[in-house]
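Data first, discussion second: the structure below is written as structure tokens.
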Amino acid sequence: MAGGESTARRDRRARSEHETEFARIVAFSDGVIAIAITLLVLNLDVPDVHSNDGEALARALADLGPHLFAYALSFAVVGRLWLVHHRFFATLQGFDGRLMIANLTYLALIVLVPFASDLLGTYGENEVAVMTYAAILGLAALVNVLMISYAMREDLVSAADRRATAPFATARALVTPGVFLVSIPVALVSPVAAQLIWLLAFVSVRFQRRAGSI
Amino acid sequence: MAGGESTARRDRRARSEHETEFARIVAFSDGVIAIAITLLVLNLDVPDVHSNDGEALARALADLGPHLFAYALSFAVVGRLWLVHHRFFATLQGFDGRLMIANLTYLALIVLVPFASDLLGTYGENEVAVMTYAAILGLAALVNVLMISYAMREDLVSAADRRATAPFATARALVTPGVFLVSIPVALVSPVAAQLIWLLAFVSVRFQRRAGSI
Amino acid sequence: MAGGESTARRDRRARSEHETEFARIVAFSDGVIAIAITLLVLNLDVPDVHSNDGEALARALADLGPHLFAYALSFAVVGRLWLVHHRFFATLQGFDGRLMIANLTYLALIVLVPFASDLLGTYGENEVAVMTYAAILGLAALVNVLMISYAMREDLVSAADRRATAPFATARALVTPGVFLVSIPVALVSPVAAQLIWLLAFVSVRFQRRAGSI
Amino acid sequence: MAGGESTARRDRRARSEHETEFARIVAFSDGVIAIAITLLVLNLDVPDVHSNDGEALARALADLGPHLFAYALSFAVVGRLWLVHHRFFATLQGFDGRLMIANLTYLALIVLVPFASDLLGTYGENEVAVMTYAAILGLAALVNVLMISYAMREDLVSAADRRATAPFATARALVTPGVFLVSIPVALVSPVAAQLIWLLAFVSVRFQRRAGSI
């Protein structure tokens, strides 16, 4: 029966199936990232104080400060990674098994963020917590850059988008993962300095964006 | 190669890519809001009583009253905010980086609602819990109004929808965030009065809606 | 500017916007139901036994029996409610504010199912737990029937689907919510009998389906 | 009114409705799988040590090793099952009530994975934990094969995809569920050997894939 189809019709079929599959991968990735970012709220535990004591509750909420910082930071980082991921996927004209596996690895690292964030909120001045957070986020950002440069090399990025996507596959793109990974030894000396470096990285990323690309 | 495309074809491509990107932002936002609203159920803990004692279980469930109130209120507020958000996004003909960041900020506040709701359910008569809840919901509603007026000013709302959207970018639109924010000092005197004000705000919002707009 | 659009073009625009909005409501509902059904797994707690003692772990897992029963029942009921909900929404040619509010109410009840299911798994032989479960599921099924009959009355169901949808808006459709609500007083006498009635209801619903409708 | 529609128009309507319904089933399945895979992170608990003691935190994180292994394994298995599921659904030209129920059963098993994974992470050397994990994953993989062979038999797979899908409905397709199910008695003797068998199964599945099919 398939033999009865004209080539044109089969092509249309193939393209439409391909688009459906592609849409599902995008939707699945978005779903996982959306859930991971929302699970961050579970790290904020309602404190346990005497129920009518306003001052005690205010103090207990103030003690959540480090957890709120970790929440805001993680929400911003994952939100930004999602933006880059979705812009990258919008430029793809195809994908293969390796990109699929790389994408799943990327998602597996993103899903670890609520855990890393809880660790950072609980032990923000402990170098091991800061190093773990930097390692997970740095690896996620690194896999992202590797995915983009692989897609560029394998011609999976549509011709029209190659110029705009190129900077994300060069050494300059390694700034974001690099900053996280460089902060790991820094945290050994000063956990606070490592976290300041992350904030600087964000500013630099913004600057890069202003300067032209994506 | 891209140079070979006719202008019309490139326009169609751009529009279709733009729509795909837009659809992903909408889907991501909806996903985050859907997850946040569903996580509200985790605030309802199964009570711990002797397993065959019906009366004890009934009393323990009755004690969940304040948690059920917080659940119903938060579900209604987030449900309504979702409605406004989705109507607003349906009117957009474009978006830019700032709107994207504003939207992520909005989502970061919505994701805090399960925490705020748990706080309100646990410490409903404590002024600090009521003020925290009002601050988070008030900020979310405020960011919403700011997003809409920004989109109006930057011509991101499609011409056909400008008239219907206009009221949501005027001083009158500040009623919802205003009520939440005004209830903060009220809660200092009476947490119960602050919560009554919220319920009144809902009635007023309904009235506004009946009176014409969205 | 909008005045410049031809009527036909405006109609197409309106229809397309309407479809986009509709798709978002459907996606949001599906998202909430998918999350609620998946959160059911959080009710299964890994037991606490000595780590190398296989027999103790086997016994502890066997003790999870009532929780597994509640999991399977709730997954089946919510799965079935989702099927009916999605078939009903597929027949809609329009919706209004009331249907939107009814749908949010319906979702608010579905979101309570993980809590109700945890209660049933923990206190399966306690009449109050069984009654609470029956009340939440019965109300959800009732709101569902009310939504369908409202949509029929207000002509929101497309002409082509009215015949197939009609049985879901008649007294016969009240069987499912009715069974849950009738089981409430039964549970006062025998919690086990009430649960048997639920299983019978499922068989009857299957029979109805075989007999013709949706 | 429906009587007034031409046959062709009614056909188009039916097809479009059918596609909408189908898209919702796919989206719901993807949603459930995405949530289940993301909930895996909740099995990683932030350890409880003195807040400034880096070495103690490092040791406590190292103790999470078995949980991280369970996380990586479960993410990979569910990720792979999702890939197969989404490729299979892309080949469907129709579905019926039985396939729907089989799909819900499949999802109910996938939703159990976070529990099974927590069990494996907590009691990785306990034969009962390993057997439970193997049983749940083996059943999920088995239901998957049964769905595919049912769809082949009932002509629900589109003609163009029958050849590519066929290997997934033969005895060879039973390798994956078979390996999990065979590992159950092996775990009685050696839980470690059972887990090695799972890793081998993955290699074999990869090999099969390279060798041609899907």
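Order as written gives the chain letters A, B, C and D; numbering starts at 1 within each chain.
The working rule: a contact is a pair of C-beta atoms (placed from the backbone, for glycine too) under 8 Å apart; a residue touches a chain by one contact, two chains touch by 3 or more.
The model shown is predicted, which means the values in this text are computed figures rather than measured ones.
Asker: What's the fewest number of moves from chain A to chain C, given that each move must go to a chain touching the current one?
Answerer: The fewest steps needed to get from chain A to chain C is 2.
Asker: How many degrees of rotation map chain A onto its copy chain D on CA atoms, rounded to the nearest 5?
Answerer: Rounded to the nearest 5 degrees, it is 90.
Asker: State, to the nearest whole Å, the distance from the C-alpha centre of chain A to the C-alpha centre of chain B.
Answerer: Those two chain centres are 24 Å apart.
Asker: Mind pulling the residue numbers of chain D that touch at least two other chains?
Answerer: 27, 31, 35, 39, 42, in rising order.
Asker: Touching pairs of chains, which are they?
Answerer: A-B, A-D, B-C, C-D
Asker: For chain D, which residues count as touching chain C in their complex?
Answerer: Interface residues on the chain D side: 1-2, 5, 10, 13, 17, 20-21, 24-25, 27-28, 31-32, 35-36, 39, 42, 97, 100, 104, 107-108, 111-112, 114-115, 118-119, 122-123, 125-129, 132.
Asker: Looking at the complex, which residues from chain A come into contact with chain B?
Answerer: 26-27, 30-31, 33-35, 37-42, 44, 46, 49, 51-55, 57-58, 61, 71-72, 75-76, 79, 82-83, 86-87, 90, 159-160, 209
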